[in-house]
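This report refers to the structure that appears directly beneath it.
Chain nomenclature is as follows: A, B, C, D and E, assigned in order of appearance, with residue numbering initiated at 1 for each chain independently.
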Amino acid sequence: MRFFRDYLIPRIIQYIVVIFCGITAVFFIPRLTGQDPVLEMIAQIQSQGSSLDPTAVDSLMGTLKELYGLEGTLFQQYVTTWKRVFALDFGPSFFQFPTPVSELLKTYLPWTIGLFATSTLISWILGNILGGIAGYFSRKNWSKIIDALIMIVRPVPHYIFGIIVLILFGYVWQLFPVGGMMLGRRTVLNWRFIMTILRYSFLPALTLVILGGAVWFQQMKLLVQNVKREDYVQYAQTGGVKERFIIYRYVLRNAMLPQITQLALALGQVFSGVLIVEMVFSYPGIGLLLYRGVTRGDYNLVMGITVLSILTITTAVLILDLFYPLFDPRIRHK
Amino acid sequence: MSEILKARNLTKIYSLGGLFSRTKITAVDRISFSIQPAEIFTLAGESGCGKTTTARMILGFEYPTAGELLYEDQNLVELRDKKAWFKKVQAVFQNPFETFNPLRKVEDYFFETIQNFHLDKNERETEELIEEKLQAVGLSLCDIAGKYPGELSGGQLQRASIARSLLTNPSLLIADEPVSMVDASLRMSVVNLFRKMCDSFQVSVIYITHDLATAYYISDRIAIMFRGHIVETGPVDQVLENPKHPYTKLLIESIPQPDPQIPEKAAIQFLEEKEEYLRKGCKFSGRCPEVMEICKQQVPEDTSLDGTVVKCHLYQK
Amino acid sequence: MKGIVEVEKLQTFYVLEYMGKKKTVKAVNDVTLSIPENEIYGIAGESGCGKTTLLKALFASIEPPLQLFEGKVSYLIKGNFINALTLNGKEKRELRWTYISYIPQGSMSVFNPVKKLKVTYLDFLESHVRGKAGRELLSLARHHLEQLGLSPHILDAFPHQLSGGMRQRIAIALSTLLKPQVILADEPTTALDVVAQRAVLQLMRDIQKELKNTFVLVTHDMGIHANITTSMAIMYAGKIVEVGPTQEIFSNPLQPYTQFLINSLPRIGDKSSKKSVPGAPPSLLNPPSGCPFHPRCPEVSDLCQDKMPALNNSTHKHKVACWLRREPSV
Amino acid sequence: MGVLKDLFKDYRFAVGFILICFLSFLAIASFFSPYDPIEWLQVPRDKAPSWSNLLGTNSKGQDVFWEATFAIRNSLIIALIAGLISRVIAVMVGFIAGYKGGIYDRVLMGITDGLLVIPLFLILVLVAMLLREALTLVSTGLLLAFFGWAWDARTIRSQVLSLREREFTLTSVLSGNGTLSLVSKEYLPLTIPLIFSTLINNIAWAIGMEIVLAILGLVSLDIPTLGTTLQWAINYQAILLGHWWWILTPVILTILLLVALYWFSISVSEYLDPRMRIQRIGAK
Amino acid sequence: QLPAGINRGETLVVDQLTGRVGMPNNFNLWAGWRNQDRGIQQLLLDPLWTVDYATGEIISGMAAGLPVYNDDFTQMTINLREGCTWSDGAPVTADDVIFTIDIHINTQGLLYHGPMAQYVDKVSKSDDLTVVVDLKIPNSRFHTHFLDRWGCLRIMPKHIFENVEDQLTFEYNPPVGNGPYVLFDYDPAGFWTLWERREDWDKTPTGKLFGEPQPKYVLFQWFESEEGKILSQLRHEIDMAQHTPEGLRAVLDKSDAARGWRRDWPWVVNIDPCITGIMFNNMVPPYDNKEVRWALTLSIDIVEYMAIAFDLMAPVSNLHLPPVPAYLEAFFIPMQDWLKDFELDLGNGETFKPYDPDVPNRIVEAAKERGYPIPDDPAKIQELFGIGWWKYAPDVAEKLLKKNGFTKGEDGKWLLPDGSPWKINLLSDPSPTHHQLKNANAAAEQWRKFGIDASAGPTEAFNTLVLNGEFDVSTQWPAAEPWGAGVDLSRTFDPWHSRLLTPIGEPVALGPGGAARWCNPVLDEIIEKLEKTDPFAAVEETVELGIEALKILVEEMPTIPTYGYCGAVAWDETYWVNWPGAENPYSQPYHHWPNLKYMLPLLKKK
């Protein structure tokens, strides 16, 4: 079928090229930072007070290299990396040796997905609804006030906003915890468990929802204002169609389309996590894991997370491209 | 007399498609025609019958899928140097308000054309040349000097557009529905211009329209297009006063006569464009009042008849 | 005899304030008009002369930046005249589509692009018909389309899947859904080719015959007016310059402008040369003094430059606003 | 001049403009600073605002006001470099891909998509780590520029795609214009509002990104920028120790700057919007 | 804030210094670097011996007393404490020790494989509580491998490990220990670990030595942000936490129940056994020249330096030793006269006496100016600020540099002898709260003032670069800390023995100190002599050798010691009181050090 030849195949080739370049970049860049994970480990061992004579250092370096899979030339390592990518097994983390990267992902990913995905969704929904309404009634005073407020909130850096929230809700009014989540490994899915998670996730989620929602709000408001000027909306308005219908079926429905793409892209960022917020609230997310991996030259970990991230985003975009016509009947693949 | 442009079996195929299905549309299907010097040749037909596609191919904006286009025996399809081509063939477009960039002054296009085609000798001559062409269309440089498209009326813009296209002294002017967006009160002045240009500058015009009345009014020869085919072609008087092809008849009937007394016509069936394009046999068979069995099977051949050429089974032996 | 819609001394201007500068576009300037019942009434005029604005006023849809300065638009409802411009939002909404409906200019894009046409139909129905379930309403819509000779399957299509002519016809069908007494159609055939245009006109004619209601048809194409309207008004620069039965206007145009319009129409079989109106249309930002047509008028007199003539107060149906022709010659 | 007068009637422009002037004025004031922005212990530490130190002093022994002038200046330099350079890239890529189409489009959009898809932040952190020592104002700006053009290139491309379909493109081609002059004369003016608003957005993004990098300690903390000022204040617990003048200065400046940019941009792009412009020129 | 069923009143909550636990499931400390301060070293394991630097003594935990060497240091005998059991009830015996040493000899990859394989000939027991280690090479410091100050070879439970196939990947979860607590629960993401007191705490060395540890539970918790930790302490949710100096100030300022090591300014724990400062790469010119190193030393105004680095709160030290009470007495004070007479040769017969005993007073002045309350008592001043440092003498520094061919450019900036601009990038840890970065900022600031283009150079690749010698100047620990107890300084000098010197590009064996890549033949001799001196028996000799070595370090200045590291620890007195403090220094006061277990029995419930 022509569709395959003219559209799908090139699109998939592009998809593969993007993945290839991304992974190659992620292979080389950390190796350029001058950090040697083996030496990092040796430095840590030394800081623990263990004295090593030069021969011991040598043999330890050999052992670590072998364990880490860092033997051989760069090219050999590169080949190994690809083998791992295909097997989706990224080997052990260097600094959490011998824990496999996949194990780490299993531990952290649920937390990030829980926080990031929910707060992204909530902020998306809230931002879009509020933005939609404010955009639709953009001449009303309250709409202008909300807009001005959001304009001021939006540029506040996440870190500052997080700390302010933390101080207000964690110290001034001690409503929410300020530290790590007290759930042990023997977790059972019960009321207490859920409440604990909610309590601990509330402030980080609040930060993400407000700051993220502000962005969605502004985008949506603009979109709605534009859609409102479209002929079909004006027509329905003059035609006496109920306001409710107009808002939902005409304005929001149409303004929503670009937001769906954006949401997919935003959700695809889940593997990058929300580092700053995770930091402020000591949240066990993948952003911190990754950042730590980056700062300590844990190649395998960085590789594992970014490969997954690249794969999910590219795949999400590919799927979105393929299925967008379902959302927007006007679009056809050319 | 030697033709300035000859189209032979000109064909353009587009492929359209959804997610899992693709269809090919032969937007222009093996059409042949030729243009004589200093004549007005009309391409008429309803929306989506391939008129613009033909024009774009002649202008070199679109490459024909098959067939050839000969300009003074030179195959346009093989021509690399677009600029040389544009010196000979120019165009006027449908929407006068879109012809010029809303953020640029109209006069800029004039100076640019002259500069790009190296028509100028010096500044004074440039202005004279522009003034000459503008005068010819009933404007003068001071009418458009310093003005943006938004500050001129549709008729003025369309006339300016014609004047611009004449700067290079082309031998062929393609006018794609040049008056359909121009106000009724100004329309005839533009239409008249084409005749005038044709006569005074010896430029041939391909006039594309679905308005047969103006076509009749100014053109020498006409070709009626339907879904990629030329179904009837010949001198304009013959074709329009004595139409042969049922589609031509339909077109003529459809013109709202500026005469309130005309009797009402029977309702017509209306089919979607793509459906007709994909039809086997004569594309018009779907709404032809005189449809025969063979029409649905076979594309009719061209038949010469009293100086016109018709593509219809009715006239085929 | 009074018509079904009466317009009195209507003045609606666009008041634009952009970056602090105030501009007034005198789009409908002192218009008095009587639209008769049970016929197709034409309004002609060149682009930008205020036709759409007039229709908006007729539809009582005057929203910023358009402002009402003066005048009345009265609907004849059950024997009484009601000034539509003073109604509140809810009352207006109740009249719309049941008493008066509107086919806006460029109806190609009046349908929600991401919904099937049926949804748009249902939206209109649900907003105006009370106490009926969705399914009933849908069958109502289908039935209606069938009556108009359109295939009900069209409702399952998305707008972009249909040609312009088809969309235009569906827009017309939609406006007649609740059998209103007045239908305002703004340039329903512009941008259509002759064949599609013919189908649209045919449809309007059929509907009018069937419903015995009033169509107000705005178009700048005199051919169409000749073809379909019974009586008409000629508009120029925000003013009505001539009204009368279509036949009379065509056979005996009084305003020089009207004369130009009619004489410039080409016909098949007639190769005589046709002339356009000289000059360019005026700007409504600061329209010419006196008769707005005077800068282009070949028969201009001093009086024309100073004062705007009123439509002459003839008992005749054919009236003109021109200093040259105070009394229409019969 | 008339343009400015027009624009000033819009309160958003007026506010944005005044704020930007004010901030630029601060940035320029840094050239007259009596203090070296890097040196410590130049004034008594941790003093609340007073006449001698308008915005007080910080725990490093620096004058908060004069540090802020440097911070604004440096942040603006970084953001402007990032914004302008990435605009050049985005405009070139968008125009070439959009106008030339075909293989150009595929290749350029392939690269663009590639950049959009890899976790940029991560790469940015990696590269910042790699370059930290070399991360001067200019190179920070360049780094951000390199990562900040992809999305906008796409937007510009789609605008060019739609412009390509408009008739004046053909007029211009028929007037003998080549690709370069076509694009620069016909499309550039029409895309200016878009470019301008992406520029402002990008500048805002660069400012935010610089702050994040600074909070992560990935830029040279010696150079005062909004981000590093914030980082120092946070690090020295200015909030909990009640040194509000130290922490609020960069926060408020950042918010002012970003709000000003935003208002400025919507107002100017409305003004530049061709639709609006036509309406203005002649409500014909 | 606590997990279900845990009573806050019975729980001690402390923060975790070295970060979030990377491998929360893994408690196998022997196989590699693990977060030992999540409670493993503090509560789970009781080593043979532990240093307590607050008292300057060695606590014998699992061992019944100090080790006993034979005359030629080829044999070491360890006596074990009687009546101790592992947390699963198995008795602690000599077999555990023998097993531990043996398995280390035999298993590559275990952390202490190197020294065990290098030194141990044979390990045997004479009875169930007596272990005899025969050494291949004479070594009077062999016991230090088992002496815990922040890591040592701790004894493994034989009955667990003997059944393990791969000692390296064994997770040791749940762990079995001989300390007073056992694992209760932990966060799979590594934010916290919760320990519970053993029922049979009296069968542990801690119990036997100090009695019942008071808290029933101990929770180690990590905060990703300083703010979170501070707020948590303000909410009395954390009893003991180490902050930045500013963080500590914030806590003491805002909390009604918090206290520091000192009740008054400067609050911090200024008895830490570590010394901070600046390290040169002595293999790289111009830092291979001791006069350049001295010039850089003299161009530092230590008062300003202290203000920048630690807000004046720490004691200065001009020797490569932390100025803690034990060392002040043993080394600093005895060396005063020598220091006062110490002269630098400036060439042309000019000399300069760089020592400045007045530095503490100058710091006091600066602190007073800053508004801090300062006692006038000289003893107190010495305790708080040390006893002296080097003079601020940029003029002398200039002379030294000019003598070595340095010149000043027209802009007043220094040029290297080859005429190129002198740039110093002070390599340091990237964390802004880290003392290294603070030192780097302070030194850079001083040297910039002096006319050198100096800047702090934080980088994540810090460890790699330092170990490989790919740096000029860094703010690594300038010298390895001594043991912290006793007068044995061998730990400080050992890394500088010439046998450990590696070329640039190859990692050095001992990071702290050793990374300076410096050695000295006289020092080599002293180190070798020390190796043959019994640190327990021959105290005087040990001190003398130490002083000799310190003098060499002063003359050569391979690294610049600046001030003794201080922990900014805050205690909360809401639930627990009787914390060790300057007024009652019964134990070293850190929660991240192994000695925490010995502090717990002395805590009191409020």
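The rule is short, and it goes like this: a residue touches a chain if its C-beta (ideal position, glycine included) is under 8 Å from a C-beta of that chain, and two chains touch if they have at least 3 such contacts.
Here's who's who by UniProt: A = Oligopeptide transport system permease protein OppB; B = Oligopeptide transport ATP-binding protein OppF; C = Oligopeptide transport ATP-binding protein OppD; D = Dipeptide transport system permease protein DppC.
Computed from a predicted model, the values in this text were never measured in an experiment.
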Number of hops, subunit B to subunit C, where each hop joins two touching chains
1
Going by the average position of its CA atoms, which chain sits the greatest distance from subunit B?
E
Tell me which has more C-beta contacts between its two chains, A-E or D-E.
A-E
Dist(centroid_CA(subunit A), centroid_CA(subunit D)) in Å evaluates to 24
Between subunit C and subunit D, what's the gap in Å when you average each chain's C-alpha atoms?
50
Would you kindly tell me how far, in whole Å, the mean C-alpha position of subunit E lies from that of subunit C?
92
Quick one: report the Å distance separating subunit B from subunit D, using the average Cα coordinate of each chain.
49
Residues of subunit D that touch two or more other chains sit at 129, 234, 239-240, 282, 284
Could you list the positions in subunit E whose residues touch two or more of the other chains?
227, 430, 459-461
Multi-chain contacts in subunit B, i.e. residues touching at least two other chains, fall at 153
Under the stated contact criterion, what part of subunit D meets subunit E in this complex?
38-41, 44-45, 59-61, 129, 132-133, 217, 220-222, 231, 234-237, 239-241
Which of the residues in subunit B end up touching subunit D in this complex?
59, 61, 82-83, 86, 90-91, 93-95, 98-104, 108-109, 112-113, 115-117, 148, 150-151, 153, 161, 164-165
Sort out for me which residues of subunit D touch subunit B in the complex.
166-168, 170-177, 181, 185-186, 189-190, 274, 277-278, 281-282, 284
Along subunit A, where are the residues that touch subunit D in the complex?
10, 14, 17-18, 21-22, 25-26, 29-30, 32-34, 151-152, 154-160, 163, 167, 265, 269, 271-272, 275-276, 290-291, 294-295, 302, 305-306, 309-310, 313-314, 317
Quick check: in the complex, which residue numbers of subunit C touch subunit A?
59, 61, 92-94, 96-97, 101-102, 104, 106, 109-115, 119-120, 123-124, 126-128, 158, 160
